[in-house]
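We call the chains A, B, C and D, going by the order they appear; numbering starts again at 1 in every chain.
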Amino acid sequence: MADVKLVSLHGRSLDMVPIIRENRYVCVLLESEDNAACIAEKLQQFGLSRVVITVGERLSFEDESFTTGSPKEIRKQRFDRQAIALFRNDEYRIPTRAYGISDERFQQNGSISMTRRDVRALSLCRLALHENSVVYDIGAGTGSVSIEAALACPEGMVISVESDEDAAVMIEQNRFDFQIDNIRVVRGNAPECFKGMTICDHAAEEKVLPRPDCVFIGGSKGKLAEIVDWAIEANPKVVIVINTVTLEGISEILALEKKMTDYQFEMVEIQATGLERRGSYHMHQAENPVTITRISRR
Amino acid sequence: MADVKLVSLHGRSLDMVPIIRENRYVCVLLESEDNAACIAEKLQQFGLSRVVITVGERLSFEDESFTTGSPKEIRKQRFDRQAIALFRNDEYRIPTRAYGISDERFQQNGSISMTRRDVRALSLCRLALHENSVVYDIGAGTGSVSIEAALACPEGMVISVESDEDAAVMIEQNRFDFQIDNIRVVRGNAPECFKGMTICDHAAEEKVLPRPDCVFIGGSKGKLAEIVDWAIEANPKVVIVINTVTLEGISEILALEKKMTDYQFEMVEIQATGLERRGSYHMHQAENPVTITRISRR
Amino acid sequence: MADVKLVSLHGRSLDMVPIIRENRYVCVLLESEDNAACIAEKLQQFGLSRVVITVGERLSFEDESFTTGSPKEIRKQRFDRQAIALFRNDEYRIPTRAYGISDERFQQNGSISMTRRDVRALSLCRLALHENSVVYDIGAGTGSVSIEAALACPEGMVISVESDEDAAVMIEQNRFDFQIDNIRVVRGNAPECFKGMTICDHAAEEKVLPRPDCVFIGGSKGKLAEIVDWAIEANPKVVIVINTVTLEGISEILALEKKMTDYQFEMVEIQATGLERRGSYHMHQAENPVTITRISRR
Amino acid sequence: MADVKLVSLHGRSLDMVPIIRENRYVCVLLESEDNAACIAEKLQQFGLSRVVITVGERLSFEDESFTTGSPKEIRKQRFDRQAIALFRNDEYRIPTRAYGISDERFQQNGSISMTRRDVRALSLCRLALHENSVVYDIGAGTGSVSIEAALACPEGMVISVESDEDAAVMIEQNRFDFQIDNIRVVRGNAPECFKGMTICDHAAEEKVLPRPDCVFIGGSKGKLAEIVDWAIEANPKVVIVINTVTLEGISEILALEKKMTDYQFEMVEIQATGLERRGSYHMHQAENPVTITRISRR
């Protein structure tokens, strides 16, 4: 018998796509009649159409029954509330326990900013994500940070905040390419775009945001202090990681540090220099240095 | 009902400590009479003595029975071969999906080399570990790379190769501090220390080594080419990551690249500069640059 | 006949030590009876005691006469006001047209700050010194910048400002080692130490300072803005070069730039990494990066 | 009376253009009848047409005579062999005792390589030039190193070696823009292009090269070892400075060092990162690191 990931949906909603993407067998204890159909719908939407779904109803009773089908077949059916569904995904991807996906794997264009590979990896490391973390990616650009965070948090959620419409579209494209459901794109500039939205632990509705565990700030449009204020008010234990490429940005951070005496600031400047082959020579290809700041409660 | 990690030991051996460390509930299908006792023994050894173990025998039969106890109590008992054990670990650690553990968290001393945090994180990222990867850490030093690799591969295995006895002892200390069972320390210099040892997929005996998926070379004592040869012979699809701090080391890699035309070499030089607070000022604290090379089959 | 450097002292005072140090033959048109004696005194003081001095009096008149002697002999004699003196220095040093004297050549100790070789060279390059420049070295430390500036400006003057008594003594030591007369040490913190001192083009007295052409600020003790104000008031066309090693220092410079709209700011961050031989390997030895800012009138 | 630079041409040839460019008064003891005319010709050629030339013949004899004129007028005249010429240059340029001319001041185009400002300055510093040094610039590109070396050695000579015809033309253009006569362009690849040419201390003819004091190697077209061999054979006390931008180049230098045990190798890697203003922000603009190696006799 192979390993099985056993998940209960009793009393909570959980995004099943990332879990099924990464496990050959997932056994789900369902709670409502349309649970199986909803999951099947999502699976099809994210290209996981070859998953085999078996729903067992009224197990151990005399009238127990089993239904097996593809997502396309299951998504129109209703089942007993207490049913159990087994998902078999022969094309499951063993999750890489690593950051640093190659830049080329993301859809991108020159005009939308993208955090480059190594800086992205070290920024994500500093967020110290857990499987169920709620991550805000402020100024998400192409979404490369959001994608890696979402892969790292299959039972968590990523909120990608982006004001540029082209960039927001590109995040969606990358989201589909990587078969990631647990990203939600919020269009606008932080923190204004959060106005009028409630924050709570289990956010399901449009006007409700989940409480942030981690906030990554790749771009702040001059509102760094306001974004940090918002994050700390939403969750005083939040971990904030900021990427800075301007001297003025560093000055802003120094000003914040003076004020936020309850929080610890850790700063590092990273420079990655590619050693690229050109003919029979290897040349340096220096990237600009980026300062990564981690803010956490003392 | 909470989530349960379901694991079968039928036909394989698997290190249960990391899995129990990271999950509140683990359900294990046992295969031999002493399986439960062995796991209990290990749990106690690694400080997981407050796990509650329940073994169910002959389930669904009339004479089904349940035994509950601490690791200390269970480790002396024998059970039915087809028993099921449930481990409840209320102190489970949600695994961080990240590298970059702070340098201070490792036991160390000035005379044993340690790969520093950010370079370690980026090196590990390039290894692209999976949950079940077999990783060799050549020239392991304090074992910081081994520790992070072992945490990332709870169902895999790390072989730490180290010729210095003090360093080997320190790896063991760090292994216990982090409650990690899936590290095996091999004393000696690679690749000589592998001589006379067989390589196979499921290594359990002393003179047998598991086939490497990933090899990290932090120090090669002038034997870089030999180590790379050994790794590729052991597994032509191996991923090798090398950290280089000398110009001579880079020359060696260039020579390897010329020869190994079937393999792709990717090189990057990383420089991390801490921005450390001293009184009311932040000063730069430059670390020496390290060149990270990744070798993988084309 | 060899090349001769011909210098007139009519109507001006000029420091002859650096000129004689760098030329085999220097011919000086004297102006007062003790000119030759004063120069002889200085030569002896700076270790140039083997220079041969010939003073010609009432040349082309019937009673023309020649006196030849060592500095020790000449320093006690008086000559005709219109005499001509010829200095022959067989140990003259051809001046190196370069900055970047090795750090080891300076007397130093660990507790007195010293601008390191390459950063010193690039800072001096940005001062764009001429033979006759007046240079202020604020926070002079060991005096390494002062020394190189004084060597570059044999007909100019360097004012070394230093508040630490040990450092001031070390500057004097280095001044003698390099046989440099055109350095004047002012003890105190800029700009307070300049209070009560007049600035004029030809400064000879104690309470008079020469007008700065160039100001190098290696350390400002939190008075950067005040020092810059002082320099610009003393000479609006001054060229200022600032070395910054703290993030706070960079913030101060950004604030200055916003205010000083008539001035151009050019900033560069320099990192020098030595490649040092250790046994049969070359290791990197990273120095901390330094930001060099050049301020000049638009 | 102002300072006068007194130069004798007895028994030697000397390039007078740089000396007149940098001094208001230069007094020259001539040796042949066409000396004054030749200097006048050069002055006109390099745009110094407003210099006033006075030639005094048979001075102190009864028939002494003075001729005053512009370069244009003097270049056709013959004078007594023992004449003295006084050059008055009211537009003389006080020489800057510094390297690091702005990159923009050189004529350049994207396809011809140019050593950038700060690396150029530090490379020149390591050559430790004197006023009369003979410098070879191998792989001269736009000639920026040659120009700065020639300015630093007004009584020396620069040999610019360049195989690309476009680059050679650009060196000539820069030479005229900077009014520099003491550069000689040799077309070809070193060291082949030196074959058949004699080396001697005072080179005046086409097939004769001056003995090198300093050799700067900006580009070696794979002939680094040969160029270094040539330089050391020509002058065992030569100082060689090499700029390297490829990993393979560094390997070549390590191989040289192993062999050349009588010589000292000093290596440093320099990275200059511009901090450029874009709107109201300063962004980093990283240049690729360059390794500078200095080779000198122990």
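Note that in this section a residue touches a chain if its C-beta (ideal position, glycine included) is under 8 Å from a C-beta of that chain, and two chains touch if they have at least 3 such contacts.
A quick note: this is a predicted structure, and the numbers were derived from the prediction, not measured.
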So which chains are sitting against chain B and chain C at once? A, D
Same or different contact residues where chain B meets its copy chain A, judged by the half mark: same
Based only on mean CA positions, could you tell me how far chain A sits from chain B in angstrom? 26
How big is the gap, in whole Å, between where the Cα atoms of chain B centre and where those of chain D centre? 60
In chain B, what residues contact two or more other chains? 247-248, 254, 271, 273, 275, 282, 284, 289
What part of chain C is in contact with chain A in the complex they form? 247-248, 250-251, 254
In the complex formed with chain A, which residues of chain B make contact? 1-8, 10, 27, 29, 94-100, 118, 121-122, 124-132, 152-153, 254, 265, 267-275, 277, 282, 284, 289, 291
Within the complex, chain B is touched by chain C residues 245-249, 271, 273, 275, 280-289
